[in-house]
Amino acid sequence: MTDQAAPPPNDTATELQRVVDALRGARQRWRDAHRRGDGRDLPSRELLAEMVQGLSGALFPMRLGPPTLQADSEDYYVGHTLGAALATLREQAAMELRHDARQRGEAPPPAAEADALARRFLATLPSLRELLDRDVLAAYRGDPAARSVDEVLICYPGVRALISHRIAHELYRLGLPLIARVVAELAHAETGIDIHPGATIGPGCFIDHGTGVVIGETAVLGRGVRIYQNVTLGAKSIPTDGEGQAVKGEPRHPIVEDEVVIYAGATVLGRVTIGRGAVIGGNVWLTRSVAPGSVVTQADTQSGAA
Amino acid sequence: MTDQAAPPPNDTATELQRVVDALRGARQRWRDAHRRGDGRDLPSRELLAEMVQGLSGALFPMRLGPPTLQADSEDYYVGHTLGAALATLREQAAMELRHDARQRGEAPPPAAEADALARRFLATLPSLRELLDRDVLAAYRGDPAARSVDEVLICYPGVRALISHRIAHELYRLGLPLIARVVAELAHAETGIDIHPGATIGPGCFIDHGTGVVIGETAVLGRGVRIYQNVTLGAKSIPTDGEGQAVKGEPRHPIVEDEVVIYAGATVLGRVTIGRGAVIGGNVWLTRSVAPGSVVTQADTQSGAA
Amino acid sequence: MTDQAAPPPNDTATELQRVVDALRGARQRWRDAHRRGDGRDLPSRELLAEMVQGLSGALFPMRLGPPTLQADSEDYYVGHTLGAALATLREQAAMELRHDARQRGEAPPPAAEADALARRFLATLPSLRELLDRDVLAAYRGDPAARSVDEVLICYPGVRALISHRIAHELYRLGLPLIARVVAELAHAETGIDIHPGATIGPGCFIDHGTGVVIGETAVLGRGVRIYQNVTLGAKSIPTDGEGQAVKGEPRHPIVEDEVVIYAGATVLGRVTIGRGAVIGGNVWLTRSVAPGSVVTQADTQSGAA
Amino acid sequence: MTDQAAPPPNDTATELQRVVDALRGARQRWRDAHRRGDGRDLPSRELLAEMVQGLSGALFPMRLGPPTLQADSEDYYVGHTLGAALATLREQAAMELRHDARQRGEAPPPAAEADALARRFLATLPSLRELLDRDVLAAYRGDPAARSVDEVLICYPGVRALISHRIAHELYRLGLPLIARVVAELAHAETGIDIHPGATIGPGCFIDHGTGVVIGETAVLGRGVRIYQNVTLGAKSIPTDGEGQAVKGEPRHPIVEDEVVIYAGATVLGRVTIGRGAVIGGNVWLTRSVAPGSVVTQADTQSGAA
Amino acid sequence: MTDQAAPPPNDTATELQRVVDALRGARQRWRDAHRRGDGRDLPSRELLAEMVQGLSGALFPMRLGPPTLQADSEDYYVGHTLGAALATLREQAAMELRHDARQRGEAPPPAAEADALARRFLATLPSLRELLDRDVLAAYRGDPAARSVDEVLICYPGVRALISHRIAHELYRLGLPLIARVVAELAHAETGIDIHPGATIGPGCFIDHGTGVVIGETAVLGRGVRIYQNVTLGAKSIPTDGEGQAVKGEPRHPIVEDEVVIYAGATVLGRVTIGRGAVIGGNVWLTRSVAPGSVVTQADTQSGAA
Amino acid sequence: MTDQAAPPPNDTATELQRVVDALRGARQRWRDAHRRGDGRDLPSRELLAEMVQGLSGALFPMRLGPPTLQADSEDYYVGHTLGAALATLREQAAMELRHDARQRGEAPPPAAEADALARRFLATLPSLRELLDRDVLAAYRGDPAARSVDEVLICYPGVRALISHRIAHELYRLGLPLIARVVAELAHAETGIDIHPGATIGPGCFIDHGTGVVIGETAVLGRGVRIYQNVTLGAKSIPTDGEGQAVKGEPRHPIVEDEVVIYAGATVLGRVTIGRGAVIGGNVWLTRSVAPGSVVTQADTQSGAA
């Protein structure tokens, strides 16, 4: 932009150039400070959103597939959609592995590694569908307002969040935590339910209403757990190292055993255990373990705290 | 896929087929267990989302209609959009009625029934607009940050949630609970406000911020009620029958009389009555009725609980 | 529609016309009552959503820009995208200024005014990027589950909400409160985090999970503040004038000093000050100021309330 | 639009209404004159365009299918795409049959009829693919500029026109002439090659360049015919009945035997026969039959005409 | 891009910049040579394409409107679509008038002028529909392959070209030759029929097949003219001024009287008159006038030329 | 699809499977016969269409770029668009080189080769713009109906065809004949002008109307050539080898020297030379060379032929 013959650019052009230059400077400083390259090796939110939509359709073709789908060609739709999802996953997984290797200063892994992960993910889908069928049933049985299993499947945000979580959790276990996180956040944006992909959730889970629910990375939920809006299963405090940086990876979220019910607004913090069949009342604040079969209401905890 | 002459497919193709087969098996087991057919007779989320957007535009053409709309052709836009919405509703309603009949093992109803429901819905729109005008005014008057009624209409999630609710509630009353529920969940996903379409809400309602609000199926709200984020108007407990299945349809949510204000985070559970003009403080937990004009704060309920 | 020669229209056509007429009547009554014209001078949600997406891409091209972007042409993408965003802002700002003038019964301002505002906004972007870099770092350091700064940038709803807020806040300061509000509500719909564009937020802010967070118009947050889901920084009560209309513009939300942490579900109301480095526990309800370095837990406030 | 209370609309609104009224009058006069109803029972150009694109992809998945298709899931893509095309055809065929019946004043045919036609069309696709493979080979062998069979398939307008023609011809034979015609005109618009769906074309046909080629309804082409741009195989004159209306359905276009070549700009009119292996030179004007093996050039025909 | 601190960009970035600079230089030279500014005041092909599609739908709502349109709301669709087309035309006309004024070095015309032109165009639509109805009838009567007037309307490229021409001709007469030309070229691209918007065409015109038809700016066609593919109604030679620049605007194309038929490939050049009812044979080359009722075949003209 | 437990599929499903199987068989036979693999390595028509549109915009930003483009950010648009086009070309070129190598049974070339070709193409764009500027001027000067150079650029199909041809010709010269051919056919489909990418065309070329023009692979046109619709510059006959396969690559199309004019419908065949400044009349059929300055009309050639 130094061509002498050119007439002086107008003001907006000059200002635009000044801002473009300044933004480049800011990027450069950031990349220098964090030893980031400028490569484009992060998974794409848009492509993963399409992948999740495709997987949902392949899992429940006549309910979550395209409205024009006919029963006659259900299997073709399923196979075609899985083929496309697999291709996306292979590509995005390769990006994450490459990014990861670059972060650690290692050489990028061979392409076959991403492909193997994608195939292993594919193979988990039938059991994932069985798990989700049990979640759908749990919702239908647990909500007096539900009129049919179909209504539950197409309407309930808790079911949508669990479809995404069960996908994300497999990806997390396969060693693709970043893709898993993007999948989880897409569901969080849509449902207000924030489940970390690391959380382990048993079959027949029902999250009703769901807005504001937070389930942490190391939480473990048994079978038939029921959870209402604004429930937090979180960490009590965050251990930091000498430099004030959070220490990562320690078990720090609750264990919730089979058939537990946790009502709206309850907060359970730390590596505590809520025993089988316990009921935690609404707005309860809980930082200790609870015996199987207990019923904890707000008054209890207050007296407990007093 | 048994053509002998064909060369052996590659691995991915084989694996894909295995997963497609296993998913078909899972679907079959589900359909057998729940006596589901494989018909495609559920309303479509995508088409209903378009319908709601069209109805919003028809109700408030210069505010929620397309940005290019000119005042000169407002009525044509309204008529055209209503015509399209009506056609969608007719079709989706026929699906719901058919689904419903199949659930009950009855013959599908005549097409005229869906058409009649769609026309009856259409006829309610003018009174619905009058109701919504009062909601807009209530929001403008109730929020010190609001600068104009127009800002309220195009920005406030509470107003968006009420537009959807008032549409969903009419559909619910007309006997289309599944379509109504989809409409409600679309608004829930966008605003974080979860109002069951069965809830009865009087004119001049204002829900501020709104994230995490839950209003149950049998709740009844009078005129001029004001509600803040994370308020729950829920059921106290869920009665189950001998088989552990929730009993459906009983009145089990609060009655909130005219001019009541409920601040953020408050929880009101069960078929209790909050008397006219009462004020429920933030984070209050309430499972009993409250006299008209009362002011209930957190301390009150705690002492009440003690 | 009075052409005598025309055959009598069918029923649906007649009903449609009746509803179109009735809706026009309702619009007319509203416009008469509120002295609204029928002009189309409100900013467009759709166009502003595109603008915010463009600005996000221009600020973080290789992370939030299009997946196909190459490092080679980063600057061109940035300049091109800013040029388009500037053009949108110029147009939308002109609409808001015109709307505003009409509200006050004044003549519409000259076009140059909107242009000047758009340029002034443009010039703030480099410093906005620097601010956001510090927010990203704060999130990375504050969350044990975060694996890299890149994950934080592409996944965390708190970061998305702050990108939108820092844009909205500049627009608010430049005198475009309605556009600012639309930008804020777009982020609210996506993240469940509701920050009024008027709120002042220092660098290095981290909002974790975020669903249900509400930060009011006159709130002031210092550096390094950390906030969890469902935290409200709200007003205690809303002063109304003689006609019951809310009095607008008074400082009525908390001041939160540097390095404060506020855990999930806490509610802080009124123009109180949370002193530097204080920690507010989960679910705490607070309507008084707190000294620097204090730790406030639920028990404290309960005893305070007793 | 006669609501007395409404303020007088502005000029544009009045003018718009006047034009809408006048257009309605014009439609009414047309419908009265031609005994047309106002039903919407004509096939849709847009939907048929999608159908043809789908069928092309199903016939040549790795060449004309989506760029992201993987060989692993070719069959699923084919089955899924055929399923969707079948559903569209069923629906569009029902429309044509209904339209047809209404034209003749008969009752609409049962839905099963359209379904049967769609299935019969489906069953012809494998032989259609074999035919097209021979067309592709003919083009590759006949054009010195062609480098590979793949180039021919993805580039040559003559091949695209034949894919559409072979589809259209089957539909025409099944009794769906209107759908067939729409399919033919879509190809005409894209390639400039206008083949009436009634024309019978043997295997191994090659149309080079193609713009301006016209092949009439009753033309019959043998095997291995080669045709260049601007060739017309038309009717000599159009017999009209007593009312000056064209008499429909008579054989009136040429018979072109095997291995004939017709160069650019040649015109062959009437029910004449071009004998096997004949070569018709560029710009030749021909209205008589030609013996097998003849070579006809412009000079010949001129002397013939003198 | 002269920021010294920045690291040296990679090769591609440098090359890209070199090309961007060189292209800017080329643009500058062109603008200097032709005294062009860099303003953006040319009508948009995309927007005009939408406008023509809207107008076609408004003229024939149940045939060329959206497939989902119901007869019940035909008028609303028409009014809504015309309103949108009018708004586009107003805007595009203002651009053309501004461009035109700038070409002549005059001040831009007042906005009211574009608005007046748009309204005058609107008022011509009902008579345009009547004209087109006669074209449709002429096609139906003239083609033995046509089965119904509906087939003609939705399939025949000649009818599509005449819809666009009749729109373009009105725009041309109103003083918007550039918009008119874009409309004509859009039809040319789709149908291969190239009619200059200046050409005057009487009612009941039928252009069959149409590819390669060219009708020049000053051509005049009477009623009931029939034309086949590749017919040219052109200019004999192009008069140039002293500088070799074509002299613009003189009558230089044929006059074709009522009921004339011109068969495929015929070329008629110059300001000659083809008398009423004459028939011009295929491939005829004609540069002289022809008496009413004559039949001219290729042999005639050759002997004429000999 | 042989799972014994599954219930017998319905008829449509069975038929669909039969067709899918038969189509797979047909593909397999083709692949066996032509030693084709099933790899997906052909350039994509869709992506190349986008690339050409981007390049057109980059060459003429304010005329063929997006309607919203502002002069302020012209260079950014150009650079951004070129960056994207370059990325597409790199990818598509790699596919063609790979396909080519596979055809010849060689190893795929290194990725750097495609990259180098893409960069070399990029570097030709400024001179390509200069060439096109001369084409635009030639059109403006040569057509009495043209009112401004801008009209010529945005309307004339001949100019659009030349933009595509000049791009395609560069790609052809760089060794990417398949991509070049796709680019040429995209223009052919839109304009009806079929120029083989191998043809050499000097500056200042004007093709008026253009439908049906065909210019062959080895044609050579000098400066300032003017051509009308339906002109063919073709090969006289196609030499075939012993197996009846066309011999590829020989010079077989005309040489047209500077300032020649060829009127509509003329056909020039074989490696003949039309001397500088010659004029070839409409419909002339020419298979011999012509001296500079000659005027050849239909009568001449007829006498020549007699």
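Residue numbering begins at 1 within each chain, and the chains themselves are lettered A, B, C, D, E and F in the order written.
In this section, a residue touches a chain if its C-beta (ideal position, glycine included) is under 8 Å from a C-beta of that chain, and two chains touch if they have at least 3 such contacts.
Composition by chain, UniProt nomenclature: A, B, C, D, E, F = serine O-acetyltransferase.
Remember, it's a predicted structure, so these values are computed and weren't measured experimentally.
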- Message: Touching both chain B and chain F, which chains are there?
- Response: A, C, D, E
- Note on the structure: To bring the C-alpha trace of chain A onto its twin chain B, one rotates it, in degrees rounded to the nearest 5, by 120
- The chain whose C-alpha centroid lies farthest from that of chain A is chain E
- Query: Can you give the whole-Å distance between the Cα centres of chain C and chain E?
  - Reply: 49
- Query: CA centre of chain B versus CA centre of chain C: separation in Å?
  - Reply: 25
- Query: How far is the middle of chain B from the middle of chain E, if each middle is the mean of its Cα atoms, in Å?
  - Reply: 51
- Message: Can you pull out the residues of chain A that are in contact with at least two other chains?
- Response: 1, 12, 16-17, 20, 24-25, 69-73, 75-76, 78-79, 82-83, 86, 192, 211-212, 230, 265, 283, 302
- Under the touch definition given earlier, write down the residues of chain C that touch chain E in their complex. 1, 10, 12-13, 16, 20, 70-73, 75-76
- Which of the residues in chain B end up touching chain E in this complex? 68-70, 72-73, 75-84, 86-87
- Name, in rising order, each residue of chain B that touches chain A in their complex. 12, 15-20, 22-27, 30, 34, 36, 38-40, 42-47, 99, 103, 177-178, 181-182, 185, 188-189, 192, 194, 196, 198, 211-212, 214, 216-217, 230, 232, 234-235, 238-239, 244-250, 252, 265, 267, 269, 283, 285, 302, 305-306
- Message: Please output the residues of chain F touching chain E within their complex, sorted ascending.
- Response: 58-59, 61-63, 67, 69-71, 74-75, 78-79, 82-83, 86, 119, 122-123, 125-126, 129-130, 133, 141-151, 154-157, 190-192, 209, 211-212, 229-230, 264-265, 282-283, 298-299, 302
